[in-house]
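By written order: A, B, C, D, E, F, G and H. Residues from 1 in each chain.
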Amino acid sequence: MKKRLEEILEKVYSGKLVPAKAIELLEGYPYCDLDFAKVDHHREVAKGTPEVVFGLGKTPDQIARISREILGKGSNLLVTRVEPAAWAKIRAKLPGAAYNEAARTVSRIQSPPPAGRGTVVVLTAGTSDIPVAEEAAVTSEILGNATERIYDVGVAGLHRLLGQYERLRQARVIIAVAGMEGALPSVVAGLVRVPVVAVPTSVGYGASFNGLAALLAMLNSCPGGVAVVNIDNGFGAAFLASQINHL
Amino acid sequence: MKKRLEEILEKVYSGKLVPAKAIELLEGYPYCDLDFAKVDHHREVAKGTPEVVFGLGKTPDQIARISREILGKGSNLLVTRVEPAAWAKIRAKLPGAAYNEAARTVSRIQSPPPAGRGTVVVLTAGTSDIPVAEEAAVTSEILGNATERIYDVGVAGLHRLLGQYERLRQARVIIAVAGMEGALPSVVAGLVRVPVVAVPTSVGYGASFNGLAALLAMLNSCPGGVAVVNIDNGFGAAFLASQINHL
Amino acid sequence: MKKRLEEILEKVYSGKLVPAKAIELLEGYPYCDLDFAKVDHHREVAKGTPEVVFGLGKTPDQIARISREILGKGSNLLVTRVEPAAWAKIRAKLPGAAYNEAARTVSRIQSPPPAGRGTVVVLTAGTSDIPVAEEAAVTSEILGNATERIYDVGVAGLHRLLGQYERLRQARVIIAVAGMEGALPSVVAGLVRVPVVAVPTSVGYGASFNGLAALLAMLNSCPGGVAVVNIDNGFGAAFLASQINHL
Amino acid sequence: MKKRLEEILEKVYSGKLVPAKAIELLEGYPYCDLDFAKVDHHREVAKGTPEVVFGLGKTPDQIARISREILGKGSNLLVTRVEPAAWAKIRAKLPGAAYNEAARTVSRIQSPPPAGRGTVVVLTAGTSDIPVAEEAAVTSEILGNATERIYDVGVAGLHRLLGQYERLRQARVIIAVAGMEGALPSVVAGLVRVPVVAVPTSVGYGASFNGLAALLAMLNSCPGGVAVVNIDNGFGAAFLASQINHL
Amino acid sequence: MKKRLEEILEKVYSGKLVPAKAIELLEGYPYCDLDFAKVDHHREVAKGTPEVVFGLGKTPDQIARISREILGKGSNLLVTRVEPAAWAKIRAKLPGAAYNEAARTVSRIQSPPPAGRGTVVVLTAGTSDIPVAEEAAVTSEILGNATERIYDVGVAGLHRLLGQYERLRQARVIIAVAGMEGALPSVVAGLVRVPVVAVPTSVGYGASFNGLAALLAMLNSCPGGVAVVNIDNGFGAAFLASQINHL
Amino acid sequence: MKKRLEEILEKVYSGKLVPAKAIELLEGYPYCDLDFAKVDHHREVAKGTPEVVFGLGKTPDQIARISREILGKGSNLLVTRVEPAAWAKIRAKLPGAAYNEAARTVSRIQSPPPAGRGTVVVLTAGTSDIPVAEEAAVTSEILGNATERIYDVGVAGLHRLLGQYERLRQARVIIAVAGMEGALPSVVAGLVRVPVVAVPTSVGYGASFNGLAALLAMLNSCPGGVAVVNIDNGFGAAFLASQINHL
Amino acid sequence: MKKRLEEILEKVYSGKLVPAKAIELLEGYPYCDLDFAKVDHHREVAKGTPEVVFGLGKTPDQIARISREILGKGSNLLVTRVEPAAWAKIRAKLPGAAYNEAARTVSRIQSPPPAGRGTVVVLTAGTSDIPVAEEAAVTSEILGNATERIYDVGVAGLHRLLGQYERLRQARVIIAVAGMEGALPSVVAGLVRVPVVAVPTSVGYGASFNGLAALLAMLNSCPGGVAVVNIDNGFGAAFLASQINHL
Amino acid sequence: MKKRLEEILEKVYSGKLVPAKAIELLEGYPYCDLDFAKVDHHREVAKGTPEVVFGLGKTPDQIARISREILGKGSNLLVTRVEPAAWAKIRAKLPGAAYNEAARTVSRIQSPPPAGRGTVVVLTAGTSDIPVAEEAAVTSEILGNATERIYDVGVAGLHRLLGQYERLRQARVIIAVAGMEGALPSVVAGLVRVPVVAVPTSVGYGASFNGLAALLAMLNSCPGGVAVVNIDNGFGAAFLASQINHL
């Protein structure tokens, strides 16, 4: 933007452009302020950063069309919340793309994403939390992070969690995924000194109120260092973790 | 902004300013884009528009100081949510200002506000809703609207409301203030063809849940044309009504 | 019970029964206390009172079997919440029974129920409230009440409700069925001096929260004389109205 | 109204009144429709019916002034929710009025109210529910109902409730007041065949959520015949019970 | 109404009608009061105003029958919430009607609606909000308003919204449709000085609680001038916007 | 009861009592059914069981009077929720009674309560949970249970909890008191095989919603064996624990 | 653990093991601390204790595979929440396993579980609560408890409950299962002196809010001795009851 | 820990220590397992890390005593939620400590904390959010982070926020504090690529439900990279931000 402004000013200075005309030209560009123009392009991030499509509520056709557009530009692709039935309909249209059934993601890497600095560890309290955790793990990987999965280490069997203590300590960011009472992130945050991204899941029934119980528990975590995201938001957790891991 | 840009471009054109210097100058102004600059000043509305202070949570001293600043600029002043005890402490510091005890507002008009096109009618369901209604009415007046009050015409005594039918029909905008079951805006919207701004109040007890019952009722109004604002938000209702009335 | 106790005591007095044996006999009757025994039989109400089956969650087979038992005893029958598909499966097994498609009720009267003293009027705010209202109306009828239906007289078109004013005034009990903002019972209770049984319905969307908005509105009714029942509980409203109408 | 219309039409027919003038005359009466006019006067209830003032949120002065007006008209007076401190300030201004400290009511009967047909029985689950129950009982009495109090018969000690079985059975309407789990109305409705007006109270703590637990329990009462009113609404319960008892 | 009353009175005056007969005639009209009669006909708005049918919960047959009635009277027709499957069944019965698949509306204009004074601009935060926005836009159009759509300008990419600043400024009313965090109306209301009708949508998952998060955000909008309607209520938003635009 | 019935029947049998008189006698006893009579006296528990007074909402005078009555009967006394100010007023009237400031209890043991079989261990997550825990511990003791306190062992510092592992394992019942995220009972239940009574507390702020977060977490405890009581209900937890410990 | 540490230290002392090697050996055991090691094996409970699988959300294949593993180890098996359709697919793979259709459980006992000390009585308020109660009863049995079922004894027909008084009194633990108003546990806890495990069910509609009403009622139980578990959690109730019954 | 174990084993190996004695020594350390021992000391973070006291609910005396202990150890001190009245009572006892009236914190740095790598920027939407923001800012500083405050840049005046765009872009972590509609973190996260810690505040009234509206908005943030903490939890936000900034 700044460059173009310079060009215009140069033309004005050299008398090739009258001020009134210059104003007209500048008005044609919607965000021509000098500083704020950066906003317009701030998403031009490093080569390899994927474009992400939220698949929920989109038809298989819409997903296929958008994905092909993205891939056509040479970008990496991540589509979340794709049901197996949808994948069956679109796989032929997306050669080279991979489907992760647990995570319900479609992805294809065309150029390596910029690497994160440490390891992102993804924990789950139970086995039912795995789909959300896989969404997080796949996202974390495609965003360029070394990613480890440690599943089914909920507080009901504390020794299983403590048995992974060394691995927890070596993480740069931890994503803790839990439904029901949602106690895992609190316990983990009491054990480590790195940020814990807490993902409540809708796993449970009755007074779990579709994840509300876990969400409230995580927001009230007694140990500090817990960053809460929306219920079942595996993608968002990984996006945040990756941001931290790329700092 | 545009004018300043013209000046700069004129100087560049006339060779008085080199492009590099022009860019520097432009960078000094935080929002120098041609269009968006209007944002910066869009609140420079017509002479007479009051500046409003939300008094809740401010000390009497803070209210007095801010008010004096506003009045010192020659602006009209409206302070909402001022308790009588606070007013007692600051009245000596704000000569010429008036206190409306029911509305808990402090106000002073120094130049007449731009006039609205029709009448804003403020209704209440009961007498306990009057403080919120008065906040609305006082706000409506200081914003330049002819304002009528019709109080205590709730649905428990439908004939009282219907007895005011002619006055309702002559309104350009109606503000309907009600707590408890919050039925008044629905009934009124069924009778008229102008917008009804619905203000739920926290009047009630038990299952009114501090105005939640009335709020939900108003959001579910069966007749169309009901614009809902926050619980007890008399000021907001009048601000919206005044916007509509000045169109 | 008392009579049987007298008989036993007489036999004891006359030496025909030893105390130990008398105690045994009395123990055979689970609730043999003098007063409370009435509880045991208090449901032996007047001939013609129907037995009611809550159909929701029962299989067609279960409904048919229970219904045949009831009819076999000569009782009147009312089954609520029977879907058309269920009726199709059981109609052949229940000769003489009638299905009301709007109310989703199956009923058969074998002996006339005891008559209520006045008229029960059933109102709805909209047409979508009719299934609940029909459940109420059918129940009211089978419980022996003269029952009038006045539908689609919600507060959005107040003149329609007022046009029924005479009929409202002649009711002994009014059942007012409304979803969305649930204002109808409040408005009606302001017009009449008889009890208004308020039935919130789950009709609506968004912030109706499946009838919560209407429920809260009705509980907060400003005019007195409003008796609230559960959301969509047409049967319960009519049961209560009938109790009142039979006093 | 109809009669007046006849007179006007007669005058028009006989040529004593021109149509234009007739219209003017008719317009002078705000609700001159033939049927609906009754609305205007439908509150002209029988001599002795009290006028009721909701004391909450009114200053002692306001209460005193309104009460004197009502008494000056010869009406019976009932003021609810009057704190002892308020009563101390106004008692001198209201000679002849009585204050019920438990019920927090001020009342004075100047002419006997129309008598209800049976007895209204007021129950409480615990002793903390008594203020709400007393508001109901005092209201019931001033509305002309024979009123019996049976307090502290909650489900924690079922034998106490069952010990009152005969008295329950002789009621025409029962008001059951309960906080905490709010089970009393359900249990009572299973024992009797008259309407049970259920009043949830805010008695409790924690998960009683200020009466919400009791309210929900009552709305979900398994036995029929339960009419629910707002939390702590002793007055409303008695108003409804009295309406039923005067049918 | 008044006219008809005049006619009747003229006939009485001229002796063509006896008073008793006149009363009968008048009684035939349920709401014959002079003032209130306007209620009866207040919906006889200008030629071209459509009649609206809420399609949700109606069978295709019901929709077709009602629609044909409306069209038979020469009125314009708008049916909302019609699923494609329903449309497929009724399209043959409604020649000349158009189906908008995104908006799920059926409509037919037979005479031009009265024109609004300015432009209604409909915004969405995301693409998933489009169905609600289309319901609003189609409604706005059929109610006679010049209507512009600006979609997918949510706060996640502020530059896209700011790029539309000029178009926003030229609106007379803005409808801002947003799910998830529901921030769009607040941001827009901070940029313009016309009323912003805020429509929360149920777009989102987890702690969006089906639109509750967006609804609360909009009710708490810090900038004034925001009029909130029910979740997903595109029709209601347009109805309100059109009322404002026709003032 | 049975015995008395036998006596009466014997007298009837021996001719000393006529049946009519026997019935009268039996009627004098409100719950004379053979089985159910036990209800009437089922609270005649073992000597030493205290009588408990819920102090909240009672005046110091009421507390003193009730307490003296209980002590006068020779019973043990426990009063909960007594503020220090109240204690100051009544201590002179209750010689021999002890006040626990942390627990806010007044108690006096006059005869030793029946002893529980094992140890009740009372845990808290933090120091702010101690008042509720003390109410539990004092109650547990006065009900005859060996009681151990282990405070401030929340999940933020897991090593503190694990350091108490041996003591936990030797408990017969554990009471786990926690506010905020309420994770303690889940973690403890994963470590032991005895019942864990979970007491959510209102400790916390914001999204703890006065203990709701902790309550929901506890209800959703993944490990089994968790018995939840009301928020802040230290007394109820100890009552339940004592029942279990006396089995 | 301690023993093994001794052995290692002895070897070191006797020079058979160098320190570095000793450390390696110790590191091989993940939780080799002296006390806490017990955690690792605390689930090695008595022979006969079943392993439990939560079937909800697992595919028939997953259930079959896990079940076969458990049975292969000679353990007893309990799978909860298995729909009939799932059972149909897996029954051939699980010879000897029994399916309880009401409870939706699959179970097989290969060695008798350790016996509880008394009887667990399972109550339901209505017939719709039976599936949850059966899950509890089947669980209770497979955990080794003498288990009695008493169904359909809700408070709507108190005499039915009281008729079971003797059986209630002979229970060591009672599980009370109820939806709607959830009053059963309170009433039962007022009648007995043993722990009552309260299970709210999602039976109901409208303001039952999927079991919330019953849950809140149970948490607010006025009589003590009520242990609440999650909505519909029949398994958890029986697990807790069995723990108590095995103390 | 490992080192100490080595020493002990060396002594055993060299015969200086008998195994029995070695076990005793090891038992003296509560958590002597090889790996997990680190837990015990993991809070022995770098010199300069402050110890934090949550002042809410503590008496001035308690605060003073704890603070003196901490300072006596040479640690840095931070006490949050200290009201001015409390500070007045304790300031004399804490020489060298500073009180921040806006933040309500007491702090004293005795040795410089370890420095964070970048800048933490703290934003507020309004002036009423400043106390929470100050708690965050003071915490951030005492934890060793370069900290910038940018207050009153809410979405109502977007130009004020955009005017700070450069400063936002230079932050390593941003803390965005907002009440009411809580839109600020979403808007900011759309502008930057660093983590945004979102702090909902209880600023607002009515449907803000004490910060719930803002909390839900933040959890539903459309742009990624938003880490939510509890309502009003300024300390927690800064603790998390500092963890990220020290990675």
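Some notes on this structure:
Here is the rule we use: a contact is a pair of C-beta atoms (placed from the backbone, for glycine too) under 8 Å apart; a residue touches a chain by one contact, two chains touch by 3 or more.
The structure presented is a predicted model; accordingly, all values stated were derived computationally and were not measured.
Each step here moves to a touching chain, and the least such steps from chain A to chain C number 2. For the pair chain D and chain F, the fraction of shared interface numbers is less than half, so the two copies use mostly different residues to meet.
Using CA-based centroids throughout, the chain positioned farthest away from chain G is B.
Chain pairs G-H and A-H differ in how many C-beta pairs are in contact, and the one with more is A-H. Legend: contact pairs of D-G compared by residue number with B-C, C-E or A-B; the interface matching in over half of them is B-C. Among the other chains, E has the CA centre that is most remote from the centre of chain F. Inter-chain centre distance (chain E to chain F, centres taken as mean C-alpha positions): 60 Å.
Between the CA-based centres of chain F and chain G the separation comes to 25 Å, rounded to the whole angstrom. Remark: chain C and chain G have CA centroids separated by 39 Å (rounded to whole angstrom).
Computed centre separation for the pair chain A/chain F is 50 angstrom, with centres defined by C-alpha atoms.
Multi-chain contact residues of chain C (touching two or more other chains): 30-31, 35-36, 39, 157-158, 162-163, 191, 206-208, 212, 215, 219-220, 230-231. Pairs of chains that satisfy the touch definition comprise A-B, A-E, A-F, A-G, A-H, B-C, B-D, B-E, B-H, C-D, C-E, C-F, C-G, D-E, D-F, D-G, E-H, F-G, F-H, G-H. Interface residues of chain A facing chain G in the complex, by the touch rule stated above, are 128, 157-159, 162-163, 203, 205-208. Residues 33, 35-36, 38-39, 42, 45, 117-118, 162, 165-166, 169, 172, 191-195, 197, 215, 219-220, 224-231, 235-236, 239-240, 243-244, 247 of chain D are the ones that touch chain C when the two sit in their complex. Chain E meets chain C in the complex at residues 30-31, 36, 39-40, 43, 56-57, 200, 202, 210-212, 215, 230-233. Within the complex formed with chain E, the residues of chain D that make contact are 2, 5-6, 9-10, 12-13, 15, 18-20, 22-23, 26-27, 29-36. The touching residues of chain E, when paired with chain H in their complex, are 125-126, 154-158, 179-183, 186-187, 189-191, 204, 206-209, 212-214, 216-223.
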